[in-house]
Amino acid sequence: MTDGNGYESTSQPDAATPSAVFCIEAVLFLSPRPVALSTILQVTALSEEEARAAISELKERYSPRYCGIVLREVAGGLQFVTNSLCSALVERFREEARPAPLSGAAHEVLSCVLYLGPLTRAAINAARGVNSDAVVRNLLDRNLLTEAGRDQTSPGAPALLDVTEDFLLAAGARDREDFPTLEEIVEPAEISRVRERIKGQESEHPRMDEPIRDPEGG
Amino acid sequence: MTDGNGYESTSQPDAATPSAVFCIEAVLFLSPRPVALSTILQVTALSEEEARAAISELKERYSPRYCGIVLREVAGGLQFVTNSLCSALVERFREEARPAPLSGAAHEVLSCVLYLGPLTRAAINAARGVNSDAVVRNLLDRNLLTEAGRDQTSPGAPALLDVTEDFLLAAGARDREDFPTLEEIVEPAEISRVRERIKGQESEHPRMDEPIRDPEGG
Amino acid sequence: MSTIQPGGRATGRALSAFTIDLDVYSGPYEGLLALILKDELEIFEVPLRELVTLYRNTNPPTPPGETPGVLERDTDFVDSATSLVLLKGRALAPAHEPDGEEDDEGPSAQDLEERLVTYLKIKRGADALAERLAHNACLYPSAHALPPRPGSLRLSKDRLAKSLRRAIARTAEPGVSHLGQITVTVQELAALIRASLLHGPLSFEDLIRDMDRLRSAVAFSAALSLAAEGRLTLSQTEPFGPLTLTPGK
């Protein structure tokens, strides 16, 4: 028995081969970040078939219904996290508050880039109708956005911004596709209401200035 | 319900109370050190009886026979560790720490000593044209340079520095000959100029004025 | 600003006593202003309405004339708060994007409709995202990270060779053959400028028309020195535009 670093020398001989499930459990247990299937295959020397079978067994065992530790598929890999039911307890145990959430403006910029992106800064400003440069800078600092290539069709080839792996991790998403579409999120009735309102405005005031909008995403 | 990733809008609200087993699993998962029973009781607000019952259930579930993660009772508390059957795998998965890379100044000092050495500290300063004392100290600490004898021809017989076996190992070289030759790298005229500088340093100016401080520091 | 009366009795509180507690900052109000001015805090993150409410709650209105100093303090606050509104307005104003069609006319109703619908979608997307990020923020990863095994340093032979070349090149004496003899001084050109200014304002371009690069540079330096001494003023109507020297008083 060595120490508190995750090693144990029990009476069982080390030479015995651990099962696929054991191997994946151990690897994920030792990883705060998600582990890609390719890494699992490489480290465990399991076949993809064996690994997949073990993973689906583990998903069942570490499901939010049965366990305080939950296996989730996120940001291109697998990760153990605590069950959301335990969040209050965890914060009490660690004596630390949940980090402050992002501002409304930051959520809007992320939503723009996720759904309409990759986008240039100018395109984000245009979509939101307010200057978002400072918010973008903040999201780049927090590694939730990154520069992914350049828009060669625009003068000066401005950088295109895209969401990052850390963003997927923060959102608990497997990949970019793992989000509901805008059509699923926005009620068609709401869209019609907006269109109607504009038509109404138009008949009263043929010219309208840029509408006032809460920049903080209120 | 969006996916199987723990981001589920299930019927269970977050406010639901997690079971005793969930609580202890989450706490141990978030603590690399053993957690005392008293701490568990305090954080989870469980009664000792409830906690003990949950712990014996967990001991069964996380036993070396059934799981890649093992619950062990160690001095002072409970701790999750990886199953010892997985130790070889764990070692394979374990990443190598990346030692702090060397600065440009350190590379220069090492290359001077390798190609022109063994050299005294004063000769290194002369060869580089900037004060290298701090860099040399750092390289001695890291065992990439060592004192190999003394220059008996100079006043005070200053130490001669040479590269070490660790240096050769880091450079992937069999021996000192296993590098491109000095003539391949530098023009002959340059070589004699530098050798002059070094010699001048040692015979004519045994004490150097405070040379320019190395901008790269170390 | 003094808020202490001759008798020493404290009257209305100075603005320096106004402390705030916001998500982004808590501490003296003046500290907040300093952070914003030093660009250490993004103005767009400061909720101005909350700030004003906080001020009003901490400093309830008093009948006129009852507490000396209050008016000054309130004025100071209004003054700084207005500046913050202005700054925030500027930070949030849409960046100017040259777009011929819209510049004069403003967006057409149809454009506006499309923009608003897109914005509505983004807004709803943002709401969904906020909820999702909040949910995931309370899922904690394993604390059992594996400590890395001690690593070994890797040095590249190629880089060592380049470093040697660099070290040796540094000690070479820099060549000076390309430098000509310097034959002109600032004093000479200052004298020339002062003489020329006797006839009134002077265009810098005219002054250096027949000079070589070195003399032009020295002439500019001389003009700057004379300007610093107040002997002339330099004026330029637009960046990179013609530079005019006018005799000082």
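Labels for the chains are A, B and C, by order of writing; each one numbers its residues from 1.
The working rule: a contact is a pair of C-beta atoms (placed from the backbone, for glycine too) under 8 Å apart; a residue touches a chain by one contact, two chains touch by 3 or more.
None of these values were measured; they are calculated from a predicted model.
S.K.: Show me the overlap between the contact partners of subunit A and those of subunit B.
M.R.: C
S.K.: A-C versus B-C: which interface comes out with more C-beta contact pairs?
M.R.: Taking the two pairs in turn, the one with more contacts turns out to be A-C.
S.K.: Based on Cα centres, what is the most central chain?
M.R.: A
S.K.: Just how far, in Å, is the C-alpha centre of subunit C from the one of subunit A?
M.R.: Measuring from centre to centre gives 34 Å for this pair.
S.K.: What whole-number Å value describes the gap between the mean CA coordinates of subunit B and subunit C?
M.R.: Measuring from centre to centre gives 40 Å for this pair.
S.K.: Counting only residues that touch at least two other chains, what does the list for subunit A look like?
M.R.: Residue numbers touching two or more other chains: 5-6, 29-30, 70, 72, 80-84, 87, 90, 94, 171-173, 180.
S.K.: Where in subunit C do residues touch at least two different other chains?
M.R.: 132, 135-136, 138-140, 142-147
S.K.: Considering only the defined contacts, which subunit B positions touch subunit C in the complex?
M.R.: 6-7, 14, 26, 29-32, 80, 90-91, 93-99, 101-102, 104, 107-108, 110-112, 114-115, 126-130, 142, 144, 166-167, 169-173, 179-180, 182, 184-186, 190-191, 193-194, 197
S.K.: Mind listing the subunit C positions that touch subunit A in their complex?
M.R.: 23, 42-45, 47, 91-95, 97, 106-107, 109, 112-113, 115-130, 132-147
S.K.: Where on subunit B does subunit A make contact in their complex?
M.R.: It is residues 2-8, 10, 12, 14, 16-19, 21-27, 29-34, 43-44, 64, 67-70, 72, 74, 79-90, 92-93 of subunit B that touch subunit A.
S.K.: Once bound in the complex, which stretches of subunit C touch subunit B?
M.R.: 132, 135-136, 138-140, 142-157, 159-161, 163-172
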